[in-house]
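Note that subunit A is present in both complexes that follow, paired respectively with subunit B and with subunit C.
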Partner chain A sequence: MAVRSESPREIPRPPVSERIGPLAWLKHNLFSTWYNTLLTFLVLWLLWVTLVPFVEWAVVNATLAGTSKADCPADGACWALVRVRFHQYLFGLYPVEERWRVLLAFALLVAGMVPLFLPRMPRRILYAIVLILVYPPVAYLLFAGGRFGLVPVETANWGGLFLTLVIAGVGITTSLPLGILLALGRRSSMPVVRALSVAFIELVRGVPLVTILFMASVMLPLFLPPGVTIDKLLRALVGVSLFSSAYMAEVVRGGLQAIPKGQYEAAMALGLSYWQMMRLVILPQALRLVIPGIVNTFIGLFKDTSLVTIIGLYDLLGMAKLITTDPAWLGRAAESYLFAAFGFWIFCFGMSRYSMYVERVLAAGRERD
Partner chain B sequence: MAQDGADRMIVMRDVHKWFGEFHVLRGITLEVARGQKVVVCGPSGSGKSTMIRCINGLEDYQRGEIVVDGIPLDGDVKHLDAIRREVGMVFQQFNLFPHLTVMENLILAPMHVKHMPRREAEELAMFFLERVRIPEQAHKYPGQLSGGQQQRVAIARALCMRPKIMLFDEPTSALDPEMVKEVLDVMIELAEEGMTMVVVTHEMGFARQVADFICFMDQGEIVEMAPPAEFFSRPRSERTRLFLSQILH
Partner chain C sequence: MATERPARTRRRAAAFWNDARVRAVFAQLLVLALVVAGGAYLIRNTLLNLERLGVSTGFGFLWTTAGFDISQALVPYDRTYSYARAFLVGLLNTFYVSIVSIVLATILGFVVGIARLSSNWLVAKVAAAYIEIVRNVPLLLQLIVWYFVVLGGLPAPRRSLVLGEGVYLNVRGLFVPKPLFEPGFGYTALAFLLAVAAVVVLARWARRRFEATGQPFPTFRVGLAILLLVPAAVFLATGRPLAFEYPELGKFRVSGGLVLLPEFLAMVAGLSVYTASFIAEIVRAGIESVSRGQWEAAWSLGLTRGQTLRLIVVPQALRVIIPPQTSQYLNLTKNSSLGVAIGYPDFFNVAGTINNQTGQAVEVIAITMAVYLSLSLVISAFMNWYNRRMALVER
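Now for the complex of A and B:
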C-alpha cells in the first residue's frame, strides 16, 4: 500500500488565501513528509557549501578599486579588472576616439525600431523590410568608415560586445527569412527546389558550426584566386547566418506542418497565388505557433557567436579571454569570464522574456475557441 | 441538360482520376447550364468531394476534359487562375482564416486578387455580411462564432469575389442540427437569385426545393441523374433505391 499522509475524509479546507501564512507554506511545501524534509535539508546544505563561499568571494571580499592585480585581495574577486577594461569588453580594440560611431549606429537602430513597437502602426511589415534594407549599409559605413571623412577602422579591430551584437544581429535578421525560404523549399512540389533545400539543411545541420567557421576561414581562400581575399568577419557572418538558417528552416517547417490542409485549399479556392497564400494565410499562423522555437534558435545563435573566437575574432568572450593574458591581471581569469557570461546572459534572458511577452499579447489579442 | 452552347457553365466530359492505383473517378460526364442547381449525393467515399474539387482545380485529373465558363482546365496556370476567380467554394469545415477577423477574411481576396481598394472591399463585405445576416460580427474572430455563423461567413467570403459559380461540399455536415437551417436558408436565397450551384449534400429537403437535377454517385461514377420529382419517386437504378431507403428512412 502506498503511504498516505492525509486522510481522504478531511474536513474541507478554507480557501488558499486564508490558509497560507509563511509557516504553513513552509510546512506544506518543504516539510510535508520525512523525505521532503530530508531533501529540503540536503538542498539547504548544498546551497550553504556553494553559495556562501561564492558570495563571500564575489561580493564580501571583492574590490572594485585598484589598477592592477597588486591591488586585489587574495580571497576575493577583483572587479577592478572589469572596471579598468570595461570599454574593451564593449568595443574590443576599436579606436577609442572613434567609438562614438558605434554608439551612434546603435542609437540609430533603437530609434529606427521604435515605430515597430507602436501599437497602431500601419504597414509595420513594410517598414520592417525597409529598415532591414536601409540600416545595414548605414551601420556598416559608420562602423568601417573610410568615407565622408570617417577614419577607416578594419574589421579586425571590431570586438567585444559590439562585435557579438553585430554577428548576432546579422545572423538573426538573415536566418529568419532564409529559414522561411528553406522551409518552403523543403515542402515545395518542385523536385529540384525540394532536393536542394533538403540537401542544404541536412548538410549544414550535420556539421558543427566550428567546422563551418574553420572551413570558411581556412579552405575558402584556397579556392579563391590569389590576391582576392574575403574579409574574415564577412566569412564568419556568412557561416553563422547559413548555419542558423538551417535550424530556423526546421523550426518553421514544424509550424507549417501544423496548419490544416483546409487553410491552403480555402486560400487557393479564393484565387490567391502561392506567395499570397503563404504571406497572408499560412505563414502568419505558422510563425505564431513556433515563436518559442524561433526565439530558442535566436538564443542559440547569440551564444554560438562566441565560437568566432576560434578564427581569431575578438567578440565578448574573445575579449574576455584576451584580457586574461594581460600580465597586469594575470591569474584573474575567473572575473573576466564571469563578466562575459553575465553579458551573454543579460541578452539571452532579455530575448526569452520578450518572446514570452509577445506570446501573451498574441494570446490576449484574440481569445479563440 | 443545357442546350445553348454559350450557356454551359460547367462541362465535364469522361473525367477520370486516380489516387495512385485507386481509380476514384471513373468517367464523370456532367453539364451544368447558367443558373442551374445540381445536388450531388451518394455514399461516403464515392468520389463526390473529389469530383467537385476537380471543378476549381483543387484536384487534378488524368483523363477527360473539364471546361468552366468556356475556359478549359488543362494545366495552364492562367486558365486555372481565371477559373478560380469565377468559382467560389464552401467547405464542410468552413476553413475560415482563424488569425483574421471576419471582415479581414472577407476583404482578403478582393484586395489581393482583384486589387480592390480597402474601402470598397469593406463596403462589399458589409453588403454580403448583411445578406447572410451577421453584419454585427464583422470584427470578431472566427473562433468566437458558432458553427452556423462561421459557415455563413464562409459563404459571404466566397461571394465577395463575385463568382459566377458556387461549389458547396457538404456545407451543413459539420453543423449542430439547430444550425443547419440558417445555412440552408442562405443557400436557398442564393439559388433563388439565379446563382449556378453545385452542392454536395444529403439534405434531401433542400434538394427537393432547389435542385434542377440530382446526381447520385457511387464508386466514382454518376449512377443516376434526374430532376428531384423523378429521382425520388422513380429511381431507375437499384443502387439509388438502396441509398434513398437508407437516408430517407
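Now for the complex of A and C:
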C-alpha cells in the first residue's frame, strides 16, 4: 500500500523471476496459500500410498512371460494371463481357424466408412443409408456362416470384444432411427401417436436395463407362436435396441424443441409436407444440435452392453469373468478385469473426446453467426 | 366455421383424403389398429405358450411359502414366509442400498466436483483423472471388481483388519459394535426429535428476521449446537441408557455385533464411486454456470469467499444442478438392480429367484416393472417438488 495508484497500470508488478519459470508456477499453482500447500501435501501423500504400490504391482514386479499362474510372482501382476488368452478377450470362443471372417468384416466396415469422412463426398447421406442397409447382412453372413462354404458358427460362441462391438453396433444403428421416430411421435399433434410414444418412452426409461433384458430373454419366447425359438443373442439385441431408443428419443426431442417455431412455419409456408419439412429443414438442424447428447447415449449404450453378461452371453466382461474361473489362472482375477476395464475405457474415452471435439466445433460455428 | 364454408366449397377440387384432419384421424386409427392387433397377437401367443407349459396364471402364488433364504433382511424373514414377504424384503434392500449410496455419492460428488475447480493444479488434475477413469468403465465391471477382487481379497476373520475398537473388516464383511438400547433411551430419542423441531422453528424465525431487518443469525452453528447438546444432556441425565455388543473374532467367523455383508459393501462402494463421477461433472457445470460477475459483485459487497459461495454462488448453482442430479439419483436406484451379478438380494435379484422357483414369468415381470416404474415416478416427483422450491421465483 506504499504506492497509491491512480490507474491500474501503475500497480507495481512483481519482478519477472517471480512471475514465470517453474518455481513461480509451483508457487502459483500448488503453494499459493497455506491450505493449498496442505492440500498439495495431502494429495501427494494419497498418491504415494495408492499409486506407488499399484505401479509396483502392475509394472515393476509384473511379468508377461509364462503359461500358468505358477510362473507368476506373488507380489506382481500376471500379465501372462492376458497374453495367453488375448485372442479370447477379442473373439470369445469363436473357432480359431474362422477368426479371419470377423477381422474381414471389421476391415470391410472400416473401408466402407472411409468415404463418409472424405471432405468432398457427393451424396454422403445416400451412401450412408446404402451402407447401413447393405453392410449388416454381409457382416451377419461372415459372422454366422452357413452359406457359400462358410462353416456355421453358433452365436453362443461369439464373444469377447467382438460381441461387445456387435451388440453396441446393432444398438447404435437401430436406436437412432427408432429414437427419431419416437421423438417425432412424442411431439406429434396426433393424440394417439403421442400417447403411445410417451407411454413407451417413459415405461422403458423408468425401469432398469436388466429388467428389460430379463424380459427379453424370458418373455420373447412366450410372445412367439409355439414352436418358434429365438436366439439368445437376438433377444439381447432386441432388449438393448428398445432400451437405448427410448433414451435416444429424449435426446432428439431436446434438439427438436430447440428449433425455433419460425423454422417450422417457414417450412410449412413453402408448402413442404410433414415428412419433407422434417427431413429437409428440422431434423438436419435438430440432430446437429444434439450430436454431443447422441454420442453420450452411445457411450452409455456401449457400457450397458456389459449387462448381457447377466443373461449368460460372453461379451468382453463375460469373457474376462469366464477366464477368472480357469483353474490354471485361479486367483488372478484382478489382471483379467483390469484388462477388460481398459478395453471398455479406450472406447468410451475415445467417444467422449470426440463428443467434446464436436461440441467445440459447433460452439465455434455458433459464435460466428 | 360457418363463415369459412363458402371458401371451402369453392375449392372443391381438393379431395377429402387430402384434408389434413381426415388424414390425421385415419393415420391414428391405423396406428392404433396395428398396436392393438400386435398386442392381441402377442397375448394370444403368450396364453397358448403358458397353456402348453402348464403354467397357471394369476397372482395367487404370492401367498404361498417362499422356501428360500435371503442373506440380508431388514424385516423378519425366513424360508417359511410367503413370496409377497420375499418381494418386500427385496424392495427394502433396494431402498437401503440406494439411500446409503445416494448420500455417499452426493458427498463424494460434491467434493470431487469442487476439487475439479480448485486453483490447486494437483488437486484439479487428480479430480479430473478420477472422473475420466471411473465414468468410462461400465458399472457392472466396477461392481464385480469391488466384490470379487477388492472385498474378496480381504483376510479371513482370524486375521481381520482392525479399523477401530470393535470394528473389523474381513472377507465376511464389516463388523461393527451393535447398539443395545436400554429402557430410558426413548427420552434421548424424544429429545432429539424435539431438538429437530426447535431447529426448524429457529431457522424459520432467523430467515424471517433476516428478510425483515437484514440482521444475520448464525443459524447453522446454533442449530448444530442444539441438535448435539440437547440430546447429549438428556442422555447423560437419564444415566447413559445405551450399551454396545462388541463383535468377537473367532477362528473362522465373527460372532455378535452388527455385520454389513460384503455384497452390500461392494454395492455401496461401486454405486457411490460410479455415480459420484457423474455428480462431480454436474456440480462443476453448475458452479461454472454462475457468472464471474456474481463473484465480483459479492466481493465488492465485502462478503468473504465462504459467504460468497454459501449465499450467492451455491443457491444459483443448485438451480442448474438439481434437474440432472435427479436423473443421477434415478439411475443409481435403477442400477442397484445390478446387485444380481454379485448376489446382493435387491428387489430384482429376489424377483429372479422367485421367477425360477415358480415359473410365473409374466406376473413376476409385471410386478418388477411396476415397482421400478413407481419408484422412478416417486423419486422424480420428490425432486421436482424440491426443484420448484429452489427455482428462481420470477415476476
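Rule of thumb we're sticking to: the second predicted complex is superposed on the first by the 336 of 369 C-alpha atoms of A that agree within 3 Å, B and C clash if a C-alpha of one lies under 4 Å from a C-alpha of the other, contacts with A are read in each partner's own complex, and residues count from 1 in each chain.
In the analysis below, a contact is a pair of C-beta atoms (placed from the backbone, for glycine too) under 8 Å apart; a residue touches a chain by one contact, two chains touch by 3 or more.
Quantities reported herein were computed from a predicted structural model and do not represent experimental measurements.
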**Prompt:** With the two structures laid over each other on chain A, which partner does A:Met268 touch: subunit B (first), subunit C (second), both, or neither?
**Reply:** first
**Request:** Using the superposition on chain A described above, determine whether A:Ala340 touches subunit B (first), subunit C (second), both, or neither.
**Result:** second
**Request:** Pick one for A:Val281: touches subunit B only (first), subunit C only (second), both, or neither.
**Result:** first
**Message:** Output check: A:Leu224 vs subunit B and subunit C. Expected answer is one of first, second, both, neither. What do you get?
**Reply:** second
**Request:** In the three-chain superposition, say which chain, subunit B or subunit C, touches more residues of subunit A.
**Result:** C
**Message:** In the overlaid three-chain picture, which partner chain does A:Met215 touch, first (subunit B) or second (subunit C), both, or neither?
**Reply:** second
**Prompt:** Of the two partner chains, subunit B (first) and subunit C (second), which one does A:Glu250 touch, if any: first, second, both, or neither?
**Reply:** neither
**Message:** With the touch criterion stated at the top, can you tell me which subunit A residues are shared between the subunit B interface and the subunit C interface?
**Reply:** none
**Asked** Taking the complex as given, what residues does subunit A use to touch subunit C?
**Response** 29-30, 32, 36, 39-40, 43-44, 46-47, 189-193, 196, 203, 205-211, 214-215, 218-219, 221-226, 299, 303-304, 306-307, 309-310, 317, 320-321, 324, 333-334, 337-338, 340-341, 344-345, 348-349, 352
**Item:** In the complex, subunit A residues that touch subunit B
**Value:** 260, 262-263, 265-273, 276, 280-281, 284-285, 288, 366-369
**Request:** Enumerate the contact residues on subunit C facing subunit A in the complex.
**Result:** 24, 27-28, 31-32, 35, 42, 45-46, 48-50, 52, 118-123, 126, 132-133, 135-142, 144-145, 148-149, 152-153, 334-335, 337-338, 340-341, 348, 352, 355, 361-362, 365, 368-369, 372-373, 376-377
**Asked** In the complex of these two chains, what residues of subunit B are touching subunit A?
**Response** 56-58, 81, 84-85, 87-89, 91, 93, 95-99, 108-109, 112-113, 141, 143-144, 154, 157-158, 161
